[in-house]
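Got a structure here, written out as structure tokens. Questions coming.
When the chains are written out, they are named A, B and C in that same order, and each has its own residue count from 1.
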């Protein structure tokens, strides 16, 4: 039975039907009766080329290979389903970025970087999307959960690994700051009339 | 944007990405800005032909059109999710083992060895699979049918003859077995039927 | 994202006073920073717009185009407090972090007013702004990273994964059985029945039983068969013996009838009650 089927077509059908990306090791299972095993990497390359210029493309992501619609076609296909993908607030995206680039991190770490409380909803939102999960606990008082991004996060962003994340902007070393401290003394001369600093400390926190 | 895309490729991408069959009216929504609207029925026909001989086919079902895996590929694709393959129940496996190693046997023999009733479904299941059949009847009251395994059973298990079944001599002497040796030595009668009535008091019927 | 760009336009500049309102790095500041005046109805929008005090500070710094590595603390603190005070006076719910930051800014500012011991001028970490700048830069970095992530093509937004229908109804999936699974089933039987291990089946016994089934099949529906036709000499002597044993065993179990008219006549074999075969 197997011998009558073109291995490349088998591969294609498997990838078109799969719900999740398929790893090369998984794809090998399709051919375990064939000796010698077919060159899967080569066939994947050929398939990718065959699908050039069509509405669907074969891509490699973190957990394997998958077919996906091309962005320029998806714009048209979106006419079929009014239901749009969820939009994420800046709070969610910043939390995600911190987890992605600084993982594993606790909620406290995220709050330190963002300078504000992180709502539990933000974390839950990302967990429910399957983009982050708890990978352990930090051995500090309270044993806070350590969050990291998942394979599914990379898959959904079309990335093969964390190294493919957009590079971070360089930040200057704060040591550089010290070089400027000599001039900064001038700053101490200012004195503003009606400095609201005086007004504020007594202000009650309205919380 | 739309104008730069080949309508047939748009159709193909839409059908590949859709989770449900798409009706022709729905497919028209893809092109509602194009004047004159493309001949969708014609394109669907062309697509169907283009996909001839591949692992996935374009078919028309009740609620519309969809791509689906071809039956002859499905057997191979199933290897990807072996864990989802159905399994035989313990009752079926034990019945099959008894028929294989003790053939020809009656249902009564099987029940004696298993110590429980054998549901007619179990026998029918194996008969429908083509792995056992009736090879005669025993000349005892009721003339029960004698079951044996078939050639197709051997074929499906990759055996050339029953002799290639794994030998049973290598059964390890478990603590369990040793603990019961004292009673069992008494049982010097027919190894096949033995005296299961004594060995399996109160065994429940299994359906 | 576009909202961010719109906000400065909403904030009308307001020139005030002919004398400097402040001095920034020795330069007189002749007018309020352009973004200090907040139209009342814009306040809530602005509040929602900022993700927290760091975000607000970054906005103020980038807006006034000052060097983040050399922040004029007094001016920045002033602007920040203007915002916070405006929020407070509008009775808007003000996150505690904004007030904490206000206190921190004032602390830094006051520490910078203190005379610095010249001898320890090289002392790292003396500049009280270092920690604030570090935090601002780190936050700005993550804010930019978040924007980059947001811009990446994303599943179910810019693209969808393809998953065509799997036509399972066409092929009934049947359980696969490995020969070893039969042994496992048998062992389970043994364990349960507590039969002695010598109840095992040898290959020899098996082959006899295999031939018993073969002979019964040969006889099915054929009425009488000549004894010799039950044997296939091409399979070798060993198999012939096994075959013969099988016929004897079948006879012993009363499953077949052997008949011979006279000695040396052909022997005929017939299944007992072959007529009412059910299959």
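As a working rule, a contact is a pair of C-beta atoms (placed from the backbone, for glycine too) under 8 Å apart; a residue touches a chain by one contact, two chains touch by 3 or more.
Note that this is a predicted model, so its numbers are computed, not measured.
> List the groups of chains still linked by touching once chain C is ignored.
one piece
> Which chain is most remote from chain C in terms of Cα centres?
B
> Where the centres are mean C-alpha positions, what is the separation of chain A from chain C, in Å?
About 12 Å, centre to centre.
> Averaged over CA atoms, how far is the centre of chain B from the centre of chain C? Could you give it in whole Å?
Distance between chain centres: 30 Å.
> Can you check how far apart chain A and chain B are, centre to centre, with Cα atoms defining each centre and the answer in Å?
That gives a centre separation of 41 Å.
> Can you pull out the residues of chain C that are in contact with at least two other chains?
160-166
> What positions in chain A touch 2 or more of the other chains?
Residue numbers touching two or more other chains: 16-18, 56, 67, 69-70, 77.
> Considering the complex alone, what residue numbers of chain A touch chain C?
Per the touch definition, chain A meets chain C at residues 16-19, 21, 56, 66-71, 74, 77, 84-85, 88, 90-91, 93-94, 96-98, 100-101, 112-117, 155-159, 165-166, 168-169, 171-172, 174-178, 180-193, 195-197, 199-201, 203, 205-207.
> Inside the complex, what are the residues of chain B that reach chain A?
So the residues of chain B touching chain A come out as 1-2, 4-5, 9-10, 12-14, 16-18, 22, 26, 29-30, 32, 53-56, 67, 69-70, 72-73, 75-77, 79-80, 82.
> Can you name the residues of chain C that touch chain B in the complex?
So the residues of chain C touching chain B come out as 160-168, 170-171, 173-203, 206-207, 209-210, 212-213, 216-217, 219-220, 253-255, 271-273, 276-279.
> Please output the residues of chain C touching chain A within their complex, sorted ascending.
Touch residues, chain C against chain A: 21-26, 51-55, 67, 69-70, 72-75, 77-78, 81-82, 84-85, 88, 91, 93-97, 99, 101-103, 106, 109, 112-113, 116, 121, 124, 126-127, 129-130, 133-135, 137-150, 152-166.
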